[in-house]
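The data blocks that follow each hold one structure.
In what comes next, chain A is part of two complexes: it sits with chain B in the first one and with chain C in the second one.
On to the complex of A and B.
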């Protein structure tokens, strides 16, 4: 294990519900995508890495520090950018106020330098023209960008982003991919998403979490490759397929054991993920 | 002050222009002019494109950039709340004042409701012609106020604030101290408004300190709302129980809760809670309610 974030046997339960169950993973610099259905434990895992909550058992090493100690947490937080799934927004804050407030919490005491940094990150996410508008008056996508901006304050070494592209329109998602490519230069980024095309476009590595356990670690190409020879299209639904759905062009895409005369197609990350979920007996409601 | 120059009128239709010497001096150091000259020249520059260009040619890029930066900093500075301005005047740093004042517990609405409740407490005491109602209610104000300063909704940026270096007992305690100071000023004023009913400060002061500090200590295990509710109910149980033991018609003010035995018990609770808080202060660094 030589990554920036290392987890060994990490477990977290809430009452009788085991959200994360004995996870071992090693995250190197670059972008790692966390895939999994709702309730798989993605947010719990990200919160533990981001020092928001503590693990019940197991060992975490984040940027060379132990998050279970006060001094370790402090050192991690000084190098961390965190985007929660549901960031809180004070209704009276402008986008500038919000990011400025978080920058203070990140120890940017000098006002002039802090304001420069706030303007920089708001500019990176393309919000310089609306930064003095109240957050309550911004669209959902703009609010998401404000939340992303605060995570970028200080150019952190570790970025933990819980569903960063949720609520962004296609153009904004493309822009996010671009900015993450820049922000991730040399940094370790852990992001969760339901968008498998985001994973394919953004991530060097993908981790699939199902029912609190890691079921796959590898490149997006490796994940797609798992479904190689097991994806085919046909004009009608084949009952033998494990998963089947109608695509935009009216054809039915199937995943499973193909019939002899099947018209095989090149698998995608989504195909690999759906097949994995099916093999693990986890119900994933349709493709994303 | 300004000289007429040859050439066309400025873009504003001026028939004169600032002299080159004047523009040169202005570009190098605008501060060397007295206010009247500077105001006159600036008014002219606003209207005259030619003179503006002449100044622009003589001012270095770094000076311009610095000027714009100063302007942007002034424009971007978030509007400060009354509480924030007061803290800064009292010597608190700008960034700390912003963090402390950010909690909704210090909003005008929250503070207003404390004032209203204090008025109700005083009115109740006056109607019953006894300080008992005030003594029973007073410790609950700081309890509720402090609990709301570290509850899950206490931070204006929610969960985003949790994994930041300044999150922790330091921030929670700073907010608690400021809120307690404000609440005690309100309670002190309310006590004075009691007039001849004579609610001795010492009678409510210790319980009013013990309950919020107790809530902070208990809040290292459970949610702030649960901690405050538990302690609030405990306080009411003790007060009513002691009164019941003393006889149904006893005045609250005359019961042992507000006499030396009760004060000693409150003091012990206060000390114990402070000790717990000291030992478990790291718990404020993680997400409240799910630790």
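On to the complex of A and C.
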């Protein structure tokens, strides 16, 4: 079975707003980060891949199945773990009950095995000590981990995670990165985030979406490399820079066309992304 | 008291919910790992993929458990507790007389629970939308119609609770109300099946509404609409025969079982058809294919057949038997003899209780002079003929032969002693006083008449003196009852009205040795039951101080029941 997620000319509009505009991309197994500003179409793209909504046009192939057919959706969903941007919770459920409910809907029929699996995924996200507490009494970070846990039920071959690190504290983000790093071989992970350092640390592939179109596909290193020779620091703001901001040590970091005497620095993924966002008409598609 | 009984369960549930909502938050469970071991993705244990049936059962188990802990279901349980407390503990003698009637009433008892189940099931079916989890649950491989079926499968809980309730209620009645008699029949089985199907229907209706209308008040509006519909069905035909009442989810009891042949199994089928129809409507939201369409058509066909079944005429043999019981009750009754003077005759289904009636009436019979009798206390059809189905009315002789004058009719069962029992009717009849107000609903005033005191004294034979005195005390809440009695009223009017002085005289006579009074009555019975003989005359004969002069009472007519 094909482990890829392939989109060809996929378009999705909500009324007059075209959220995703003729996207072509092929996602191989591994962790793919989806970067883009708010409203770029990341969530719409992820919801299409996760079979929540259907594309208006174009062709999707998810794990070798067509999500536009009932049987295709069923097969995709059997191998899918999905964390929406705002997952919602039943406040009166315990963490265990909620994940157990999801496990039932994921066709775990044997109660003993199902409960073992629920305990396992809750343990993976470090919630074994509070699994029988009501979700309404858990902190925002713990609720997010419950949502992550439900996505992990059944060791899915396709994980679609929409801003999974939102609401997690720095240590929890660290653990999450570690966790994804151990994803099973052959699994395809698609995650969206505003945290470029998450992308740098987690992803072996990054897709940048701007205004519903793909502007970059490549490795995080490739994205950072795009800004090579175009990032510099200075003690004052330089009007020639396309983007400039004051860093924690008081220096001003610039992205753009550097002056001749500029003090160039090694670019990061964030630099590459910001530069790309300023060059919206440029399309760069690297190796996927 | 009843107000408290209603409020307490609701208050307990409210406190429980408030307490559960106000628990403190859980301290944050850090997601830390030892330095050498981090969290790992791991792999799931091998597990066979569940079939649809297994998934439905699993959802049903979970939803049933959630239903049990829902606030609305808690209120429903509170209503059940209230019903048990009122009808099985506080007033067990006023609830049911025969076990078949208990089965007939079972849908009524369960209706409050079913109403709450509708509300709770609607909330369960709309939970994912309300809490924003639909996006997570919706992309699971379980199809929406399977989820709907899982919600429907949660009906095991209200069914189980209802079975426990009905058994517990019945056991309490056995303990608290030994007068309940008779046996369950196949119709009773149909009644219980219908009642339990209502529980399934409550879940189905809540789920169907949740699948189509998310609006939180939708189930409330539907419940109110059903109440209006049921009332409308019950009101068809005014006070006469109404075959359409059987289309209600809880038909009113039109007549005692010996005067009715209810289409109990057809009614159960009718309820089953309604439940199927609602379940199909719930499923149709997400699955519209031939099997569901066929199921819907099957439910409609069953509903048509069942509706014809519940409204059709009863079999001619049943109609003939009922007509015979109405016109000639003596032909199908068992009798118990008391002192060779009085017979207690009941339809055979009530044979077990005839001895108890005889025991209650016995002391009254023994206190009567030998010249009184023979008399018969007979169970008869006392309701209006128009309430019988036309197929029975057609078979009745016209006019219906009047009953012998030495017969004391009764319809409802009561083995209570005193004025409220058959002993009271016997005493009144023996003395020549009416046991019912006349056709104009006018009571008979016996102020200052000795026979009124004699009737009161006779009525309370066989009970403790304190209870006797209580029986001869006026109801202080009703000025008109100054000279009346608790328990002898029919609708809003008694059959006999005494003056306060007569009641005082009766209490004085009750405190005399019974043998003294019996001797006096037997010595000149004709005189003491003569309306011309005054109360003071009787008191003087018994050497009791006079109580006159007597209040002059103007009788007040009652109103129809």
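Here, the second predicted complex is superposed on the first by the 275 of 288 C-alpha atoms of A that agree within 3 Å, B and C clash if a C-alpha of one lies under 4 Å from a C-alpha of the other, contacts with A are read in each partner's own complex, and residues count from 1 in each chain.
In this section, contacts are C-beta pairs under 8 Å (C-beta built on N, C-alpha and C of every residue); 3 or more make two chains touch, one makes a residue touch a chain.
Quantities reported herein were computed from a predicted structural model and do not represent experimental measurements.
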Have a look at chain B and chain C on chain A after the superposition and call it: clash or fit. clash
Could you tell me if A:279 is touching chain B, chain C, both of them or neither one (first, second, both, neither)? neither
For A:96, decide between first (touching chain B), second (touching chain C), both and neither. first
Please determine whether it is chain B or chain C that touches the greater number of chain A residues. C
Just checking: does A:115 make contact with chain B only, chain C only, both, or neither of them? Give me first, second, both or neither. first
State whether A:54 touches chain B only (first), chain C only (second), both chains, or neither. first
Just to be sure I read the superposition right, which of the two partners does A:104 touch: chain B = first, chain C = second, or both, or neither? both
What is the contact status of A:141 with respect to chain B (first) and chain C (second): first, second, both, or neither? second
First (chain B), second (chain C), both or neither touched by A:171: second
A:228 contacts which: chain B (first), chain C (second), both, neither? neither
Let me test your reading of the model: by the given contact rule, A:80 touches which partner, first (chain B), second (chain C), both or neither? both
Identify which of the listed stretches of chain C (128-136, 290-298, 416-424 or 542-550) has C-alpha atoms clashing with chain B after the superposition. 128-136
Taking the two structures together, which residues of chain A meet both chain B and chain C? 47, 50-52, 74, 77-78, 80, 82-84, 86-90, 97, 100-102, 104-109, 111, 114, 116, 147, 150
Under the stated contact criterion, what part of chain B meets chain A in this complex? 69, 72-73, 76-78, 93-95, 98-99, 102, 104, 153, 155-167, 282, 285-287, 290-291
Taking the touch rule as given, give the residues of chain A at its contact with chain B in the complex, in rising order. 14, 47, 50-54, 70, 73-74, 76-78, 80, 82-84, 86-90, 93-94, 96-98, 100-102, 104-109, 111-112, 114-116, 118-119, 131-132, 147, 150
Sort out for me which residues of chain C touch chain A in the complex. 23-26, 28-33, 38-51, 54-55, 58-59, 62, 69, 127, 131-143, 147
For the complex, which residues does chain A have touching chain C? 47, 50-52, 74, 77-78, 80, 82-84, 86-92, 97, 100-102, 104-111, 113-114, 116-117, 120, 124-127, 129-130, 133-134, 137-139, 141-142, 145, 147, 150, 152-155, 171-172, 175, 178-180, 182-184
